[in-house]
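Structures follow.
Here come two complexes built around chain A, the first alongside chain B, the second alongside chain C.
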Partner chain A sequence: MEIDLLFFINLFLDTLSYWWVIVPSIFLGLIVGAIPGFSAANTIIILLPFTLIMEVEVGLIFMIALYSSSRMGAGIPAILVNIPGTAGAAATPLDGYPMTKSGRGQQALAISFVSSTLGGLLTTVLAIAAMPILAKVGFYMHSVEMVVVMLFGISLIASIAAKDTLKGLIAGFFGLMIGSIGADHVYATPRGTFGFLEFYDGVPLIPALVGLFAVSEALLVIEGESVLVKKKQIEEDHSSWNETIIGMKIAFKHWWHITWNSLIGLVVGVIPGAGASIASFVAYQQSRTYSKTPELYGTGHPPGLIAPESANNGVTSGTLIPLLVLGIPGGATAAIMMVVLQYQGVNTGPRLFLDNPTLGYGVFMAMFVTYLFMLLTIMPLSRYMSRVTLISTVYMSPLIISFTLIGSYVPRTYMFDMYLAFAFGIIGYIARKTGYHVAAILIGVILGPLLEQYMLRALKMSDGDVMVLFRSDLANVLWIVLVVTLSFPYIMKKFRSRKDTPPDKPEGQENVFAKD
Partner chain B sequence: MSAFKNKSRRQFLIETAGSAATLGMVSAFGGISSAQAASFPDHNMDVVVGTRAGGGADRALRAVSSVWKDYLNTNFEPAYFPGASGRVAYEVYMGKRDPDCYNLLFGNMGPELLNWVVKKPTFNLDDFMYFGRVDTDPCCVFVKADSKYRTIDDLVAEGKKRKLNVGTSRMAHPASVGILAVGEKTGAQFNLIPLSGGKNTVAGAVTGEMDFSVLTSGSVIAAGEAVRTLLVFNDENVMAAKLNNAPTMNDHFGTDIPPLLSARAFGIHVAAVNKYPDRFALLQETFKKSVQDPAFAPAFKKAKGTPEYINYGGIEECRKYAEEITELGARFKSMLSGKA
Partner chain C sequence: MGNEPESGSTDNSANDDVRVSLGGELILPIMALVFTLYYFSTIVDSPWTAQVNAFMVGSLLISVIVLFLLRMAIMVSRGEADLGLGNLLQPAKLLPSRLIYIVLIVLYLLGIEWGGGFTISTFLFLLCAMLLLNKGKDKAFVLGLSAGLALLGYGVFIIAFETRFPAGPFEKLMQGVF
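Showing the complex of A and B:
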């Protein structure tokens, strides 16, 4: 079979004919993505008996559509009520929720939808075009390189700490300490578990996530009548389609930003074991670093929303590349897809594209078509979804707490996790009331264990030689980029302040620099 | 692992005398009476699973329960407790589930028994027993398909020159024990690197971060052409065609180590066995019939299992395996727990 333009056109048209699977799957994915604790992975597991009896194409398209839309769905509650549906959406509320609070929820949703779909479309096309090259990324990104990638994300703590250094760093270190709870990554020796077996695998992410963000937010908003102040409520109540169009325009205006951050997502997604949470924090950090207005991040700045949303959708196609090309699933959902494929007698790996190119490329085409449908079907919902913020806090807070506690229970079905979410909620509430940044805590909780895991693995491989961190060429390049990234804002600040220096400065000073 | 190691066959059978006696009666009278069958089970069987939903153990459980439910005329309801490499599941099962024969545990004997070698559980090991093995999946050594190491001897030769990094699912795993035994026999040096799960272990070898990896062969077969198998830790390479005709450990190195297997099995409270011998006898009898039922192999295959690895085992087989693996684990305990 010849793989040419005609092949892809036929494949596209053929995939379009499965709209009856794609559209319902998109809405199902949105719902499960939006509920904390649920995810595409556990939904596919629940629906596994149905998936297995479907025709292989139908089952695959169903899973792909569910997977892609759940990623977008996770961003909706993150923006509207400060509840990231998954760890991959943990960076979304940093700017998404402040937008909502300032009465721009509809805009924020439109920005998120456009960023997600464009990011997804772009990376899907890239995945098809550059699959053999991208599949090799995992061959170069080993533990040492991943240590540096983690540091990109963790350095966000320093950015957050820039406003109030002491409180920012305390919050960050507190998060890192919580992240170190659990069995160590090499010998499985339990540390800081306080005798709870439930902590052996570390602090579960969903309870930490929903507790720090959602429960604490619910406790805070109940102090007022609404998420929005009165004036913004009236604005939101009278909002028109114009808000959606403005949001779309903002997102399209930042097309380069979407491109760049979705590429970060794609590359991170290709690395086995890495995932959306890493990609979204790294993207946010990169976005903020190279922004001309870094001080606006965290205040409802659209690029701060575009970055994580386009990155975590870039991960979606990235995780499928190692599965299809190498036979190694890049994430939990991909692993379950592999089970379904193998059940249907389809073996993934290098031969898939030779033996069954329609199916191999069809996976990405299904993703491409899903994103197209998402743009058309979900965008109109932004206007109505944003009305959630008009619900009185008397109803909103208990609803948030109930949903999040259930969401905390779902992944492991431990009652313990519900108590834990509430405990994190109290921590988050105190942190917010006293001016500590919950995002800094969360970065430590999410990325800390990953950093430790890669670091310990690298050290174990080198018999404890720290210099192993500088022996790989790629790692050294990444170290340089990290240093440049971290010093860039200070250099730019210096540069700008010099540029802004009034020309009527005392001559003596200018002469000194001139002589230098 | 004294509980299994020090427990003689006679002692073990005495402890489960009630069930054995009932089983004898069952054999003599040609089966469990319909009255007994009617009264038990009268509601769903609850199964505590030590791994995540959708994982290998879950799929095996679903396959066997799809057949077993017809013999017991009831459904199986799994509850997943994947924490701490299965530790949480055992603690929950022993601490919070009633010993009434309605509550069972489904686990992976090899890694979970080694867990206990490294760190004892809070409950008394004598209070728990395995009684029904579904399959035995031997561990193996594998490299990426285009690796410069073509045979196990190449690896050993290289391991004598420098310490080789070996990807493993986790430290306390039969595959880890296997490669340490190879090192002990040959003098080659191997540095075990736990990669948290089979998926990452395969990736470790395929991406070249590890010199090679060790894992259960079922997962290696699933990786297809991306990998090549060099050694199998079993008495016989049952899946030779799919495992590159790799030699077995004992044949190749002249060792005498027991098969290093991932063996998925049902376990139960000993108290339940003693309190309800009739129920336990019914469970044993129907479980055996289920695994040997012609419908099971296709169900197991559909659940991504390797039908060739289906290997029914009763109390005695499980006890023997437990004894062997814990004895071997104790031998390498210092290396598995980082106290070497």
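Showing the complex of A and C:
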């Protein structure tokens, strides 16, 4: 079969005919994405019996549409109530929630939707065009390089909580230690488990996510009558379509920002295991570092919302590249897709594009069409979604607590996980009240086991020689990028303060003031 | 709300005469320190493969905590800060209801574990929590809302999605119907 323009046009038209699967899946994905602890992966697992009896194309399109829209859906509660639907949206509230608090929730949702959709569309087109080349990134990322990438992610924690780097580091390293709980990879020695068997497989991420974000937030919101500061409620209550249009305009004005950050998402997504959470924080950090107004980040600054939203949607196509080209799933949802494909007798890997190019490229075309439909169907909803913020916390808080705690029960059906989510909720509450970043703790928990895994692999290959971390050219380049990224904000800060310093006063005048 | 530092340190910057209360900020580092030392105690006799990562990360964590404590000690010795809890327990008027709320959450979890199941436990929790936070107002509305939400959860998750939620008397009773 010849892969030319006609092939892609036919594929596009063919995928469009599956609108009856795509549109309902988009709404389902939005809903499940917006419920913390209830990810696309969970939903696909729950609906696995249906997926398996569907035709392979229909099943794939259903999973892809659900996956893409849930990524966008996760940003909704992150913006409106400061609770990311998934870990991938953990950087979204940094600027999205302050926008909501200042009565610009509808605008923030419009910005998020445009950034997500354009980011997703762009990276999908790029993935289709450059998939075989991009897949090679996975070949170069060995354990040593992955250790550096992990450390890169961790070092961002301190930078993200830049108001107090020490606190950021404490939160991040504490998260890493929590993430190290469980049996060790070689001898299965239990470590830091407090004697609980439920910890032997490590700390489950869903209870950690639910507790640190949802439960702690629910405990905190009861301090106010609604999520909004009272005087801003009136503005939100009277918001019109104009807010959505303003939000869209802001997003389109930052088209270059969307392009750049969705590319970051695409590249990070290709790295197996890195995922949307790392991509969104990397994008946020890069956006702030190279911004002319970094001090505005964290105060409801639109580029601070655009960066993570376009990046985490860029990841969706990225994670599928190693799955389809190498047969290595880039994340949980990709792994579930792989199981379904194998059940249907489709083997992913280098031969997929030779044996069944319609299916291989069809995955990305399904994603492209999904994002196209999302642009048309979701945007009108932003006006009504922002009304969530007007619900009284009296009703909101207990609802969040009950439905998210029960959500933490779903993946493993352990009562233990509900108690664990509650414990994380208390930790998160203390962290929030005392100025520690809950996102830093969560990123630590996510990266903890991955760091250990890659570190051990690297050390084993070098018989315990730590210098192995500096023997790879690519790793050394990454080290340099790490150092530059960490030091750049300080250099820029110094440069700016020097630039902003008023000209020296005449010597005589200075002495007069000194005497006073 | 959540992403802004809400420690006492931020409240007092405008007034030089008021000391910053840093006691609340000590809770998390102390928890982290105690946990790290406990973690070390569980791997002392383990093979190096089980130790290397934890000792590396743990040492870094302890170093950062020591730096943080040093900074705090300097501020306290200069009279710039004290060890009060800051706004950790603020607003004070909400403290009793917040404590009762936390007790209700624990009771909710115990209710599910002791056989109450999802629907009944959720209904009772929502009812009690909403009445508590609403100071006993709008009883009929709260009753209807709690029942409606619990039943909605049952309908969507257990009936429609067949999610394995904890089953109790209500779920078992309804099993005969659905």
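We adopt the following convention: the second predicted complex is superposed on the first by the 485 of 516 C-alpha atoms of A that agree within 3 Å, B and C clash if a C-alpha of one lies under 4 Å from a C-alpha of the other, contacts with A are read in each partner's own complex, and residues count from 1 in each chain.
Rule of thumb we're sticking to: a contact is a pair of C-beta atoms (placed from the backbone, for glycine too) under 8 Å apart; a residue touches a chain by one contact, two chains touch by 3 or more.
Computed from a predicted model, the values in this text were never measured in an experiment.
*Asks:* With everything superposed onto chain A, say whether chain B and chain C fit together or clash.
*Replies:* Here the two partners, once superposed via chain A, fit next to each other without clashing.
*Asks:* Touching A:L399, do we find chain B (first), chain C (second), both, or neither?
*Replies:* second
*Asks:* When the two structures are overlaid on chain A, which partner does A:N242 contact: first (chain B), second (chain C), both, or neither?
*Replies:* After superposition on chain A, A:N242 lies in contact with neither partner.
*Asks:* Regarding the shared-chain residue A:M461, is it in contact with chain B (first), chain C (second), both, or neither?
*Replies:* It touches chain B, and chain C stays clear.
*Asks:* With both complexes superposed on chain A, which partner does A:T413 reach: first (chain B), second (chain C), both or neither?
*Replies:* It touches chain B and chain C both.
*Asks:* Output check: A:Y187 vs chain B and chain C. Expected answer is one of first, second, both, neither. What do you get?
*Replies:* both
*Asks:* Looking at the overlay, what does A:Y97 touch: chain B (first), chain C (second), both, or neither?
*Replies:* The answer is second: A:Y97 touches chain C but not chain B.
*Asks:* Looking at the overlay, does A:S17 come into contact with chain B only (first), chain C only (second), both, or neither?
*Replies:* In the superposition, A:S17 contacts neither chain B nor chain C.
*Asks:* Counting touched residues of chain A, say whether chain B or chain C comes out ahead.
*Replies:* Touching more residues of chain A than the other partner does is C.
*Asks:* Applying the touch criterion given at the start, work out whether A:D164 contacts chain B, chain C, both or neither, answering first, second, both or neither.
*Replies:* Only chain C; A:D164 stays clear of chain B.
*Asks:* Which of the two partners, first being chain B and second being chain C, lies in contact with A:T293: first, second, both, or neither?
*Replies:* neither
*Asks:* Students often get this wrong, so check: with C-alpha centres, what angle lies at chain A between chain B and chain C, to the nearest 10 degrees?
*Replies:* Nearest-10 rounding gives 80 degrees.
*Asks:* Smallest separation in Å between any Cα of chain B and any Cα of chain C in the superposed model?
*Replies:* 5
*Asks:* For chain A, give the residues common to its interface with chain B and its interface with chain C.
*Replies:* Touching chain B and chain C on chain A: residues 185-187, 189-190, 413, 460.
*Asks:* Tell me, which parts of chain A touch chain C in their complex?
*Replies:* Answer in residue numbers: 43, 46-47, 82, 93-94, 97-98, 101, 163-164, 166-167, 169-171, 173-174, 176-178, 180-181, 184-187, 189-193, 213, 215-217, 219-223, 227, 298, 393-395, 397-399, 401-403, 405-406, 409-410, 413, 415, 418-419, 422, 426-427, 430-439, 448, 451-452, 455-456, 459-460, 464.
*Asks:* Once bound in the complex, which stretches of chain B touch chain A?
*Replies:* Checking each residue of chain B against chain A gives 53-54, 59, 79-85, 87-88, 91, 118-119, 163, 165, 170-172, 191, 193-196, 199-200, 202-203, 206-209, 222-226, 302-304, 336-338.
*Asks:* Help me check something: in the complex, which residues belonging to chain C touch chain A?
*Replies:* Per the stated touch rule, the residues are 1-7, 9-10, 24-25, 27-29, 31-32, 35-36, 38-39, 42-43, 46-50, 52-54, 56-58, 60-61, 64-65, 67-68, 71, 86-88, 91, 94, 97-98, 101-102, 105-106, 108-109, 112-113, 118, 122, 125-126, 129-130, 133-134, 145, 149, 153, 157, 161-166.
*Asks:* Sort out for me which residues of chain A touch chain B in the complex.
*Replies:* Those residues of chain A that touch chain B are 41-42, 44-45, 48, 52, 138-139, 142-143, 183, 185-190, 197-198, 200-201, 272-273, 322, 326-329, 335-336, 338-339, 342-343, 347-351, 412-414, 453, 457, 460-461, 463.
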